[in-house]
Each structure stands twice: as structure tokens, then as C-alpha cells.
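Chain nomenclature is as follows: A, B, C, D, E and F, assigned in order of appearance, with residue numbering initiated at 1 for each chain independently.
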Amino acid sequence: MRYDGREPQQLRPVHIEVDYLKHPEGSVLITVGDTKVICSASIEDKVPPFMRGQGKGWITAEYSMLPRATETRNIRESSKGKVTGRTMEIQRLIGRALRAVVNLEAMGERTVWIDCDVIQADGGTRTASITGAFVAMAHAFNKLYKNKKIKTLPITDFLAATSVGILKDGKVVVDLNYVEDSAAQVDMNVVMTGNGEFVELQGTGEEATFSYNQLQELLKGAQEGLVELFDYQKQALGEELSGLITNAKKR
Amino acid sequence: MRYDGREPQQLRPVHIEVDYLKHPEGSVLITVGDTKVICSASIEDKVPPFMRGQGKGWITAEYSMLPRATETRNIRESSKGKVTGRTMEIQRLIGRALRAVVNLEAMGERTVWIDCDVIQADGGTRTASITGAFVAMAHAFNKLYKNKKIKTLPITDFLAATSVGILKDGKVVVDLNYVEDSAAQVDMNVVMTGNGEFVELQGTGEEATFSYNQLQELLKGAQEGLVELFDYQKQALGEELSGLITNAKKR
Amino acid sequence: MRYDGREPQQLRPVHIEVDYLKHPEGSVLITVGDTKVICSASIEDKVPPFMRGQGKGWITAEYSMLPRATETRNIRESSKGKVTGRTMEIQRLIGRALRAVVNLEAMGERTVWIDCDVIQADGGTRTASITGAFVAMAHAFNKLYKNKKIKTLPITDFLAATSVGILKDGKVVVDLNYVEDSAAQVDMNVVMTGNGEFVELQGTGEEATFSYNQLQELLKGAQEGLVELFDYQKQALGEELSGLITNAKKR
Amino acid sequence: MRYDGREPQQLRPVHIEVDYLKHPEGSVLITVGDTKVICSASIEDKVPPFMRGQGKGWITAEYSMLPRATETRNIRESSKGKVTGRTMEIQRLIGRALRAVVNLEAMGERTVWIDCDVIQADGGTRTASITGAFVAMAHAFNKLYKNKKIKTLPITDFLAATSVGILKDGKVVVDLNYVEDSAAQVDMNVVMTGNGEFVELQGTGEEATFSYNQLQELLKGAQEGLVELFDYQKQALGEELSGLITNAKKR
Amino acid sequence: MRYDGREPQQLRPVHIEVDYLKHPEGSVLITVGDTKVICSASIEDKVPPFMRGQGKGWITAEYSMLPRATETRNIRESSKGKVTGRTMEIQRLIGRALRAVVNLEAMGERTVWIDCDVIQADGGTRTASITGAFVAMAHAFNKLYKNKKIKTLPITDFLAATSVGILKDGKVVVDLNYVEDSAAQVDMNVVMTGNGEFVELQGTGEEATFSYNQLQELLKGAQEGLVELFDYQKQALGEELSGLITNAKKR
Amino acid sequence: MRYDGREPQQLRPVHIEVDYLKHPEGSVLITVGDTKVICSASIEDKVPPFMRGQGKGWITAEYSMLPRATETRNIRESSKGKVTGRTMEIQRLIGRALRAVVNLEAMGERTVWIDCDVIQADGGTRTASITGAFVAMAHAFNKLYKNKKIKTLPITDFLAATSVGILKDGKVVVDLNYVEDSAAQVDMNVVMTGNGEFVELQGTGEEATFSYNQLQELLKGAQEGLVELFDYQKQALGEELSGLITNAKKR
């Protein structure tokens, strides 16, 4: 058993509160254990310059932490005057992951701005961001669809993310909290579609390495956790919207 | 009656949820109508260079908005690489206001970092920030006091803020929401102590002016609203902590 | 009597030298005691993007200090690569104040750039900037008017500013110099029109508070000082231009 | 066969020129097809602040491209005044990867600065950087070792990197050049030790996904390519230095 | 004759007003025709990090223009967030030039900060800055010397600068104003000591070239102008201080 | 004889490798002793905003050093977030120098971007950059000319640069390496056309001065060195392209 009483394969409690904010087209507050992220999806009726005139849309993501989301207060990136490498890496990951399940042609020349703001951090903020942002984005697209601005929901499948890791004692665990994450030998983030296909796989041995067999174990653990996360997403999306995505997936 | 059905003197519904975050020494989520601000108070055991060796503490504040706190998404200041003039003005105001009711000597060589993060904006974000930050700061100081790191609670009085304004039709109203604020001829922010003394008074006619008599009316409106806000603060502080502040005030 | 020999209500010697610079449409060197500010007004035949197509003009202000305007050399903001919060607050104040006495429609789609550069600082630089900038702006508009680019002088009233404060001994004084300002309990800047209406009121207790009665005293002091400042402005504007403004005011 | 005539499993021609620069402790020019990277390793006798006093060293990496390394000139990051997200992601990857095969305790309180400057780019610049930087770093450590500043060579194994991908036609190929990379459905970078253990695995489907079986094929392709790269590294390190690393690995 | 009525060898009217500012150790307002520069010299009792512990002092210079010093308003460098190449080039030149006539050992571990702020520009701002800054610096050093903080005046000779150029018609002229400067084929700045030795020579053909013979003519013109400038400096320094410098020069 | 065995008038070994890079329109690797610079010339079919609609082209240059081009690693300007004064001065010099031998009208509304990246530094990097950049630019223009995009080669003469200096012992030497440069009393960079006309002359006494006679000696030394450099350029340009330039020069 893990120090917080969980089984190796057990996720922390997950909750997704939809329509958390008044202004954005889609928004959720996702809670995974003590990690809390506000994810919003804003639709803009134009695309960035490098995409213009191609009849396609774009998804772009920004990620940030409140200064006191963490145990020790971290300095605001706006005060530092620049965004850290870690933040850039995460926001590129979120945008890329979401684009993998969106039909950019079907969304028209629009941009979806995803904002993931970590209110409280306890490990797994980037994977919670992806899982929550997917729901926010689906709600935002649904609004466009209901207003007949687009003919089909431009989402091709569900998408969620979780972390897996190898602890110091060699145990493979899923959904690491901050304490586990800091001490893990190997940390892997897995982004997967509802179909079980990989979208992104980022495994890192920090001052450590991992074998082919360990990799297989990590992937198995991730997959089991992700199946549960898709269920939480479906609840947050409601039957009708989930149905639309499930059907899209079959086509 | 105002367009949202309020009387001229009526505040919007106020709610202050304490201990909203896990990590900071003090934190609240303050809700004033549709305006929601997370205020946290973090204690650091040193002071900024310009204060060192004086045996005094310091209060500093930072203010920010989530990109989608507003109706139209605003660009993150971290992306722009600099903090706007409006943000700087507000964070200077918050810090200055709080310092007016803190005995800096009694708090020792410590810094209190106040973070006000606007989750949702509908007018009055700076005054809600001050009202909420006071409660977060009091809780943070109380923690120090209970842990016997300081001998007395270094707070000398309650502190809250509200806005008053003159609408286009000349009516004086209190606690303006965004629609009223955008259209007001005169906008005034008043920061006051529990004792009824002014800490800060910022009245501005945007492309308009106001007379001495109108000023008196504005001040009267503000004072009435602030009396109510002190009650909300007392509820959020609890009887014991409120009592400590009330007693300090008498000394 | 004050330590520099002035009466509580006495302004420092004021001098406004017009057409101080060769290139700008309007410019003055305003001297208030040892405080010296070069104020220039430059007219540009377009407005910022957010104002375009509304048939209105805009006034924008910038404020800066020479590094050795102060007793201790201060680092240039261009070397720091960013403008401080104090500077931003002041330049927003100057622009806002001037716009209150300008008919933006009557000036056409033009921008007036106000530059206030403090050559020597001894307290009250922001109020001297406003008082001087008004004169520079009036001269610049007069040039447009004489060249028949605009049909009326788009100024609706005189505008000046001064500071008032409460010293440690409780005395209310007007036009604080640096030594007084540093030690004052309460500091208030008042921007007023020739008509006696308030445009901006910023009262601050730094680690102190002030009562309703003290506020009334401060306002009275400010008003008396401002009456004198309007006279200095009229001299600097000349009879003809002063007359145009006085008439506008009556309409 | 691939459009440049290679077999799916075939690397581009690889050349590693050692001691390419005069000043650094270690340096190489690595050529992989038309991709050319200058990698240098500089030893500094102190560690960054967050590492001080732990008796351990640190490896940090910087990555950059000449403006005309690419087909279209890209703007210098120094002109833009900031480093892009892509650059940050790559330099974090290079540093993390190298640290996995270095015994930080054995290197003492020193920093190795790795600089990877891409002179000419044709795909695979980050993997060429890792492969080349390992050789430069080993030479730099060897200099310390020969000068008796450290007792053992603090390297625990060889380290190289390559890319694998799935082309539009579903074919799995190794060491993608720019044309292949731009068109690939899936792109994976694999960093491996001489022992065959993974250090980093980054697989990305850009607007596409990949299955478990495809992942296995990709890993197999990467492993075969990496075996060849270790041979090129051994030639560039020479027999003696390669021997030291091989022995360390066995311990 | 030149278009403003001067002879080719004739300088514009020069005036140097000493002790122009209240706070700095030395300050002048130098006027050369319509070019006006405030030069101040501030003494700081420490040197920059790279000079520490060498028992020597340092001279550093900063240069800036008021936005409306020029015919068209130029954007403040503090607003742009960075200093232009032109500004950097000029401030490096001023510092380097002054250091050539200062005995850095004799001034002790101090920094002289030179600030040259152009109030009004009409060509030759950099040469006027050097000529004026020398006088400000000499006064600042004299203050140290009179206060017995240094044993000798650490200045080894006079220093002044002027411009020479070749106009479109091939005429060689001295002290170009803005109109001449903009149209000149060749522009040369000459910094010289009282002794007639060169300190800095910067000749530039903008889209043009100049021959060896033309160079000799330019140098002759500069030398004649500089002799006059040394006289203006002596007047501004006064007899006593000029005498000290003249004597130092002879040693 | 000099400490590296050269005669006072002797250049270091020079080598210019043409077409060093695959992508740019023109590129060379120039080697002058241990100084190595990659110079590339990129042609863009538009001009900067301030040049538009004049029917003329523009030449702009950027200069940078690899962090480990120097004996001690220097911090990347992209990490610092700004370009140093030295870099700006050098890139302005390179651009200005090249423009002096280009017929901007004849090149059409195009920009030539010159990039000089110092791979290894041992003194004279700016003069090597100019000498190399001229060759790269000529090749780039030749490509345009051969593709009939321009009617004539828009180059009016050869252009090269070298340094001359006065060592501590008073000896005048040409082409200083880093050790000589650091210790020289006077350092002068001379940019000259094939015709023997000056384009740029920058002589600096760092904490020293130089006489009229020394200046004549320096100029003579520079001229002799430059004659040799023109020969190296002709070899690198080939007979045909050299011939075109020689003929242009005669016109």
C-alpha cells in the first residue's frame, strides 16, 4: 500500500465541476486529490497568422499556477517578466494533445484558447489539465454546434491523461501525488484516446533509467487508470454530448 | 431601482469562504455578486532588502486576473512579459491599505505576501481584494500568534473597501458592478477602518467632474456599505479572532 | 510656521516658462520651489487603435525623472527595461486628469502626447506635472486652432493640481516639499477645474488613517492653493488664450 | 525505400569531429546527414545556488540555432528578447538526459555547461545534440580526471539518442530528416544508455495517434539505430576513454 | 558660407552653465546652437563588480533624449523596454573618452556616473555630451578634492569633442547641425585632449567613402574647432580648477 | 618580432571557405588565425517599413558569438534577454560598411540579411566579419543576377577590414590577435574599398591617447594589410565574379 493508503493502481478521488465560470464558452474545475485546476475554453473567430486562409482551426493552450498553489510560494511569471521552460513545455503538450482529437477542418477558421490555471497543486497538474481541458473544450464546441455555427461536433474521440511512475522501491504506481512524484525514479505521462490509442508518451528517468519490461508495466498501469478517467469525463459531459463523441469515434 | 434590481445603497450578495486553499497560512475565496477573488496570505521569515535591520515587517501584495475572468479573454501578463499599469496601481493600493492597520514592529522581520487572484470579474475586483485579503491576513497572523511566534496579533483594526459612484442619471450608488462601472461618470474607491477612519480615498471623474456636495454624498454611501462589509468579515474571522481585533482597536 | 519658513497655506514660489523647447507644439518649464518639470505637448494626427473610427481624439501622458533629479541617483527605467509601478500610476493620472477638461470630439481624431520630464525633484512632481502639462496642452491646441485645423479650442475649463497633507504634528499643510512629504501621515493629491469641481482626489494614509473632519480641512487647504495656481496658469497662457478657456467654461 | 534512398532502418551518415573548438574543455562537431551541431562542454568550478553545499555537481544545457541553419531564416532569440518554448524544451531534455549517466557526487561541486549550437538543420537536431554532447562531456571529464581533479571518471554509461517515426504510409523509419519529420504522423525521440535502458521516451502523434503495437515497432527501430550510434561515439572517444566508460558501466 | 550663415570653420554659439542641478556633485547645461544637454556627474563610493579590489575607480556614462528633443517625437526607451543600439554606442563612447583623461588609480574605488540627457537636439548631441560631461566631472572631482577625500585631482588633461563632415558639395565643415548632418557624405567625430592628442576618431561614410586627403582636411578642421571648445571649458571651470588641470597635464 | 613570431606588418593566415552552409544564398567560413566566423547572406524580397516604396534595397547585419567562442564561457544574449552594447555597435558597423559599396537602387526592394556568427574568437572578429560578409553578400547577389532577378550586380567595389594598433612598447602592428588587442594602447579598425578609399575609421585609445604622427603610421599599416585581404577575397569570389566587381568599380 502507498503512504496515503492507496493501492498501486488506485487513482485519487476525481471530481469535475462543469460551467465553473460565467464568461467562457466552456469551463470546469477539475479536482484530482488535492490538485485543483480551473480549465476554460474560449472560442475566438479567427486563427493565428501562420494558419490563415487554410480553412482550418487551431487549439492553443496556456498553463499557469497561482503563486500559492504550492507549498512554498512561487514567484509569478508576470513579475519575472518571462514564462519558465516548464510552463512552456506543459502548455505545448496540452495544445498538441487536444489537437490530436479535433478535426481542425470541421471547426472552421476559429481558435480555441485553453486556459489551465492551477489553483492548488499536489502532483499531476499537467495531466489533470488535459483531462479537464478536454471537457471544457467539448462544452465550448457543443455551444457552437447548438448555435449551428458548425455542422458537426469537431471532436473525434475522448482524451485523458494520467501519470505513472516507478517509486524508489521499484513499485509501479499510477496517479502520483507530489510526495511520490518528487521521490520517483521514473515518471511517465500518458495521454490516450477513448479508443486506447496513444497521443503522447513522455517517460523520464531523472538520474535513473528504466528497462523495456518496466516500460510495459508502466503502460499497463496508465491504461487502467485512464479507463476510469474516461468515465468521469462522460459524467461531466452528460449523456447527449458523450453520445455525440462516441458516435464520432465510430466513424 | 438599479437595472439589476438593487436599491442605490444595496451591496451585492457577499460570501467569504475561509481556508479555501491548503498551502497558504491564510486564504479565502471572496464572492461579491459575480466577482470572485482568491486571496491568500503567505508569511516569509525575512523582509525585502530596503527594510532589513529595522526590526519591522512588511506587507506586499500582488494582483492578477485569470485570462477568462472577463467577458472577453484578456492576454496573460506573463505572456506579454510585463505587468500593466492598472495591475501595478491595484497591487500598490492593496499593500498600502493593509499596512495601515498592521503594527509593523509587532510582526517582526517578516513579510506577508498577499496574492489576490481574480477568478471571475464583474466590477469591484480591487475592493473585493482588499476586503478578502484582510481576512486572509488576519488568519495568517493568528497562526503565528497561536504558534507563539509573535506576542500580540499585530492588527490594529478591521479594514474593508467598497466602491461608490455617480451614474449617468446623477444617482449615487454603492458597490458598482461592471455594467454600472463602465457607464459611471464618477467612480470612487473607499478604504476604511472599523473605526470609520479613511485609509485611502480615490475618486475619479472619467471625462467628468464632481462637486463638493456630490463628494459628501459619495462618502456617506460608502460608509453605509462598509458597515455591512465589516459584519461579513467578522463572520469569516470567527468570534475569537474578531474579538482580538476589536480589543486591539480599543487600545 | 513650516521648517522652510512657509505658512501652512502657502505655496512655494511658482514659475511657468512657456515655449521652453523648440520642437513641440506646446511646452513649458514649470518650477515649484526646487521641483522642475519640463512638460511638452505633441500633436499626432491619429489615435491609438482602440479609439479609431469614433471621431474622437485622445490624450496620453508619459512621466519620467532624470536619474539625478533626486538626491540619490535613481536607475533609469530604460536600463531596468521596465517602467515602475509608481511611474505608471502617475502617467495614468496625468492623462486621465487632462481628458476631464478636453472635449475629445472637438479635437478630431488626433492624439496629444504629454511628456512630463522631471529635471529636479523636491516633492509634488506629479501635481506640478499636471499644472504644467495643462498649459503646454492649451498652447498646442491653440496652434491647431490658429491654423484652423479645429473650429473651437477643445478645452472646457482650467485644470491644476496640488498636494495637501497632515504632518506628524497634525498640522494640515499645502504643497508639501520632499522633506514634508516623506514625514507626512496623510498625503492627498487634488486635481480641480477652474470651476472648483473635483477631477481626481487621491488621499492616502501611509501607515496612518484620517477622519472625516480632517478630510474637510484637507479639501479646504487644497482649494485655496489651487486658486493661486490658476492665476499662474493664466499668466502663462496670456490674456487671449485664457479668455478663450474662460468663455468655453461658461458655455 | 525512403525518398532519399535509405532503408527504413538506415541512419544517415554520421561523423563526429572531436576537439572542434580551441577553448572549451570538450567539443565536437557532429554531422548526421545534413544536420550539423557544434557541441561543447565547459567546466565551471561552482554549482548553481539551488545545489550549493550538497557536495554534488550539475549538468546544464543550452541549445540554439544559427538564423540561417534552416531553409527560411529564423529570427535570433536574442533579437526577440526571449527564448522560445521549443528551445527551452530541448535544452531541458539535453540536460536531463546527460545527468542520467553522470554520477553527480563523483564530479564534485562543479557545473558542466553543455552548449549545442546548430550550424545547419535537417531534422533530428535534438537527438544529434545529445549524441554529440555526450562525447564532448566525456572529453571534458577526462581532462579533469587526467589532471587528477577527480578520482574517477563520473560517467556511468554511454548515452545516445535518435528519432523514429511513422510516415504517412504507415512505415516505421529511423533517423528522420526534415522532410520526413514534417510529414510524419508520429514522431518519437528515444534516449538510451549503452546498456539498453531508456532514459527518455517522447512519442507524439501530431494530429494523429498510435497503437500499442506501433509503439513496440518504434522502440525496436530506435534500439537498432542506437547500437550503431554507440559505435560512432566509441570511435570519437578513443579506446582508452571508451574503456573507462565500459568499465564504469560494469560496476 | 553655410545655409545658417556660418563659415566652414565656425562653431555654433556655445554656452556652458555650471551647477545647473541641485543634487549632483557636478552638473552643467551645455548649449551648442540649438542642441542642449544636461550633463551630471554623480559619485558613488564603490565600483562595479568586475573592478573590485583593484584599488581603481571607474567612469560610466548613460545617454538619453527627451521624447520631444527631436522634431518628431521619439518613443521613450523605457516604454520600448530596451535601449537602442545608437544609445548604447554613444554611452560607451562617452565613458571611454572620459576615462582616457582620468587617472583611475588616483580616484580610489569610486564610480563616477555620467548622465547626459538631451533636452533639445539639433545635431552633435554626442560631442556636446562629451564636452559638457568633462566639465561636470571635473567639478565633481574637485568637490572630492576640496573635501580631502582624494589627494590630487585625478584628471590628466582637458577633453572635448566636435564633429566634422563633408557636405554633398564636397566642402569640409565643422560642428554640423542636424540639417547638415543628415545630408553629409562623411561624418566624423573627434575627441581630443588639451594637448592635441586623439582619444577617439570615428569617421563614417554613409553610402559614401572618403580619401586620405579628405581625412587630413577633416582632422585639421576638427583641431581648430576643439581649440575654441577648450576655452569655453576653461571659463566654465574657473581659473583655479583650470589651473589644476593644466598643471596635471604638464607632469 | 611579435610574440607569435609575426612581423609588425604581417597578417595571420587567412582562409575563406565559400558555400559553407547549404541553405543561405551566400555563405562563407572565414578563418583569420584562430578567429573563425560563419558569415551568411540571406535575401528577402521586401524591405523594412522605413524603406518601403522608395525603390531601394537595404542591408542589415546581425553578429553573435557562440558562448564558448571565447576562453571563458560568455552568457548567451538570448538567455540575458537582451543584446549587449558591444554587439549592437558591431552589427551597426557591419551593415553600414557593406551599404557603402552597394548600389541600393540597383538591388530592388530587397533586404540582404547578413549573419556573422563567431565560432571561435581570437581578436579581430568584427573585421573578419566584414571581410567575410562581403564575400557571402557578393555570392548572394550573384545568384540573383544569374537568375535574372536584377540587371547588374549591385556592388560598386571590393570591401575589407582589418585592425591596427599601437602596442605597449609603441610598436605599430597590423591584425592584432586577442592577446595583443587586450594589451594595446590604441586600437583602430579600418574599413576600406578596393579603390583605397576609407569607409569607416574607428580609432580608440583605451586609457591612452595617440598623436597625429602615430595616426599616419596606423593608416599606412592598415592599407598594406588590406591589399592582401582583397586578394584573398578575389580567390574566394572566383575570376568571373571578381571581374564583374572590378568592372563596376571602373564605371
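FYI, a contact is a pair of C-beta atoms (placed from the backbone, for glycine too) under 8 Å apart; a residue touches a chain by one contact, two chains touch by 3 or more.
Just so you know, these numbers come straight off a predicted model, no measurement behind them.
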Which chains lie in contact with each of chain D and chain E? F
Given chain C and chain D, the chains that contact each of them: none
In terms of mean CA position, the chain most removed from chain B is F
Since chain E and chain F are copies that touch, just let me know if over half of their interface numbering is common to both, same, or not, different. same
Per the C-alpha means, the centres of chain B and chain F lie apart by a whole-Å value of 61
CA centre of chain D versus CA centre of chain F: separation in Å? 34
How many Å are there between the centre of chain B and the centre of chain C, using C-alpha atoms for each centre? 29
Take the average of all CA coordinates in chain B, do the same for chain E, and state the distance between these two points in whole angstrom. 52
Note the residues in chain E that touch 2 or more other chains, in rising order. 81-83
Cyclic chain order when read starting with chain C and heading to chain E: C, E, F, D, A, B
Of all residues in chain B, those that touch chain C in their complex: 82-86, 88-89, 91-92, 96, 99-100, 104, 188, 193, 195-212, 215, 219
Can you list the residues on chain B that touch chain A in the complex? 21-24, 27, 34, 38, 40, 42, 44, 62, 64, 66-71, 73, 76-83, 87, 113, 115, 117, 119-120, 122
